[in-house]
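Here come two complexes built around subunit A, the first alongside subunit B, the second alongside subunit C.
Moving on, here comes the complex of A and B:
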């Protein structure tokens, strides 16, 4: 079990290296010259532009620049913003917690609601509650995050005036205020996530309930509660966990867009601004960090499998 | 042997499917004495398993529902018990083993855990006591290294070993009745023989009653005291095992006997009963077997025969058989 966990964690390294190579190459293939962007209105002054290029190390070969950049990243130096000359590490430190909080909140609460809902729907198959649940889930999957976000702002901020439409306070400054800002964005990202999880839980629960070992459990005289929560759920969760892991990337992507709608100071807006300003160091750092979290979350889920399903750990050891 | 442990009377279990409803167990009656091995024989879909599951009340609605009859166990009608009282019977007084050992055990819990569960529930044992008992049971059913196997997961064991674990689990609470639903069908022949012997030995040692469901007449001849043959949800013949094999009265039973390959017979094409089992939702008007029956007359196609005694303890539901018996006498 431990050996496997360590192996899984180590396997993150080559994946992230590959991501960094692809990322660096693509960014440098983008049209547009960061030196021109830095020079701003003085872009006609060729001597100045050449000087900037020299300062930024842009005239070195791509491979050399890659290794310089990677070397910096490994030492915790993510470069500087071309615009503000602020170290990218500082930007990340400011922005990342917002996005992480948003992603975590929406994932945590969606899962907390979706799994029991899926179980309930499976146990009351084809009854009214199940049908309503199916319709809501279908809507949830079908609605784009940002559109839902706008509708939520209209309903809860503009009309009902219950929640703020935009803005942010850090959690540790004002926890309640922070959550008030976070509810709507978290909900708009979480709904489609929750809908997917509910549907998956329902269908895998239904499948498991038809298995022979459920009949065995009932023939032992176990209560329905024990049969469902002990014997069925753990088996049903295996595919659910897979779906959760596949959705994590989408969730972070959704957070990026939704932050823009709610004017949350997360990495999303910084990323969009960075791309339009050719602020390469910022863009690369943010994408690399996002990739890190997606890879980490998936690795975490792989490790979770080992805990849920004994067949996995024994087979590989 | 005469004390009736289980007495099933006129049990009717109905299926509800796509707006149709039809009985899959149709007025089935039988009894099992203490220490007796009772066989239920028939081909797939004849209602053997549903009969057994109805006794355990493991039928779930939808699609199926027990709509009539009595199931007296130790004099108590199980069909009248509350779900809670019934749970106390299941696994404790009546235990069941199933056809598919590969899928009957939960893959995410250890064998020990699954045996201990019933012990802690019904016998109020502590975790340590139930674990010791689980090891004892595993060794009783002939699993080597039981102290080690108790912590094994089902996927680490072979099919035969898993069926042994199922038996250990079923017998752990000393049930008075074991229902074995085709316990050897999914196993290869050498393992089948071992499992049959194991069940047989344990049955004798504990003077337990067993309902043995099978479509294998060889298994019946080897293990059962009395047998009931089912066809299309109904009992067509019931007798002690000797009578049934020496003097089968129902044309269906006779057909089944002739369909068994024999070592000493000269080589020829194996006998088959022509046609297929009719769908239960769409039974013919008269005897359900009439369309396939070589002896069927007009009466068979118009009226349904009922189970009647033709010899001591020998019951048949067939017009032709009754006539035949009458002529012989």
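Moving on, here comes the complex of A and C:
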């Protein structure tokens, strides 16, 4: 099992390398000259622009620049912001925790609510609770997160004046204040995630409950609770875990949009501004980090499979 | 009725298309979905005729800035006095065309790559699926955002960007299905008969996986529409003064407290269209009896 886990972790390396090549190529092909952006109002001064281009290493061939950049990234140097000249590592250190907190909060609470709801719906199939649950899930899946965010602001900030519509305080400075700022954004992203998980849990539970081995367990006289928790849930959870991992990318994308609505100082606004200002190093660092999380989540799930389903590790050993 | 007509009718009733259509029409939610999509599609097609006003014409003259819904403006007016209803109706064109074209691009590219990877195997499969896994590793919206910026924010470029990010989904699905079909007896028989690879893929493999691809396409269309709305909402998609639901929502953000209708109606339009497409996709999946998971 350990060998498999290590193999899975190592398989991340070629994917991340490919990601870095694709990313570097796309960003460096973006129209517009970053040297002009740095020169700002002095863009007419050709000598100055040429000097900036030289300083930033933009005259070198793309391949050389890629390896220089990659070398820096591997040593923890993500470059500097073209606008503020602030090291990108610092920007990441400031911004990333906000996005990660938002993603984590929405994912954690959604899963905590959605999985039991899905199980309950499957066990009470076609009863009122199941029907209501299905309707809410269907509506939740279709709800655009930024529209939900706007509706929540209208209800809780503009009309009821219960929660703030924008702003942020770090969790360790003021935990309650932080949660007050985070509730609405986390709910906006979490609803469609929770709806997807509920639907998946319900359908895989129903599929497992119809299997022969569950009938056997029941006919053996096992109590319902043991049958459900010990035999059904473990197998039903495998596709649920897959769906959770596949949603990580969507959650991060959702966080980027939602942060703009609530003016949260996460990577979202920085990324959007960075793209429009041709702030190469900032954009590349932020996208690379989000891609790393997606690849890591998928790998983590592959490793979880080995733990949840012993057949997988046996088959591959 | 002649015997030939009777025979024709019974053949039609036995056909899988008829069975699927009957099952689809029986599903209540699928019908609701179909109705929603049809109504929005009709609005998009006849936008010029249905819209009471020009969607981009600024109207300062009638003191109708931030006009509340009702009266001559069913959904109110925006900060420039433009009629929200007319803009929502015209926005349907953009959303539907993005949904259709982006998914068609993903479908054609993904199916081709998946077929080649699954059927040929070997080095070619490793390269194709490696490329697909690389695209898959990026958060969808963020990659679409980068590609749109690279290509420039025009309608077709947005469609292309969204099409590219959804390609791996189709490629992976098609490849996995080809792998299961590849060793089935009828494909083996076709090989023994000496049919070319192209003929085997087009005549024997593709028809057997078409249903699954259609279901994936209908559900992905909803995601593509959401992606376009998100890009336009971030200001990197459809540009003003063009009416797109996402860019309307972006503009509405500044006036939430004085003109909430500016955000309620375009958002509701996105929600309804995505809901309709999801209902239709789920209905198709049930009618075709396909077990796939779409994310």
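Here is the rule we go by: the second predicted complex is superposed on the first by the 317 of 317 C-alpha atoms of A that agree within 3 Å, B and C clash if a C-alpha of one lies under 4 Å from a C-alpha of the other, contacts with A are read in each partner's own complex, and residues count from 1 in each chain.
Heads up, the rule we're going with is that a residue touches a chain if its C-beta (ideal position, glycine included) is under 8 Å from a C-beta of that chain, and two chains touch if they have at least 3 such contacts.
From a predicted model like this one, the values you see are computed outputs, not experimental measurements.
A.B. asks: Sticking to the clash and touch definitions up top, decide whether subunit B and subunit C on subunit A clash or fit.
C.D. replies: fit
A.B. asks: Check whether A:249 is in contact with subunit B, with subunit C, with both or with neither, and answer first, second, both or neither.
C.D. replies: In the superposition, A:249 touches subunit C alone.
A.B. asks: For A:272, decide between first (touching subunit B), second (touching subunit C), both and neither.
C.D. replies: The answer is second: A:272 touches subunit C but not subunit B.
A.B. asks: Looking at the overlay, what does A:200 touch: subunit B (first), subunit C (second), both, or neither?
C.D. replies: Once the two structures are laid over each other on A, A:200 reaches subunit C alone.
A.B. asks: Name the chain, either subunit B or subunit C, that contacts more residues of subunit A.
C.D. replies: With both complexes superposed on chain A, more residues of subunit A are touched by C.
A.B. asks: Does subunit B (first) or subunit C (second) touch A:216, or do both, or does neither?
C.D. replies: Only subunit B is touched by A:216; subunit C is not.
A.B. asks: Identify the partner contact of A:150: answer first if only subunit B is touched, second if only subunit C is, both if each is, neither if none is.
C.D. replies: second
A.B. asks: Pick out the closest CA atoms of subunit B and subunit C after fitting on chain A and give their distance in Å.
C.D. replies: Least C-alpha distance after superposition: 15 Å.
A.B. asks: If I apply the document's touch criterion, which positions on subunit A are contacted by subunit B in one structure and by subunit C in the other?
C.D. replies: The answer is that subunit A has no such residue.
A.B. asks: Under the touch definition given earlier, write down the residues of subunit C that touch subunit A in their complex.
C.D. replies: 29, 130-131, 133-135, 137-143, 145-147, 149-150, 152, 222, 226, 229-230, 233-236, 249, 252-253, 256-257, 260, 263-264, 267-268, 270-271, 274-275, 278-279, 293, 295
A.B. asks: Considering only the defined contacts, which subunit A positions touch subunit C in the complex?
C.D. replies: Answer in residue numbers: 14-16, 18-19, 22-23, 26-27, 29-31, 138-139, 141-144, 146-147, 150-151, 153-154, 158, 165, 196, 200, 239, 242-243, 246-250, 252-254, 256-257, 260-261, 271-272, 275-276, 283, 287, 290-291, 294-295, 298.
A.B. asks: Which of the residues in subunit B come into contact with subunit A in the complex?
C.D. replies: Subunit B residues touching subunit A: 56, 58, 87-92, 95-96, 98, 100, 103-110, 114, 117-118, 121-122, 153, 155-156, 166, 169.
A.B. asks: Along subunit A, where are the residues that touch subunit B in the complex?
C.D. replies: 211-213, 215-223, 230-231, 234-235, 308-311, 314
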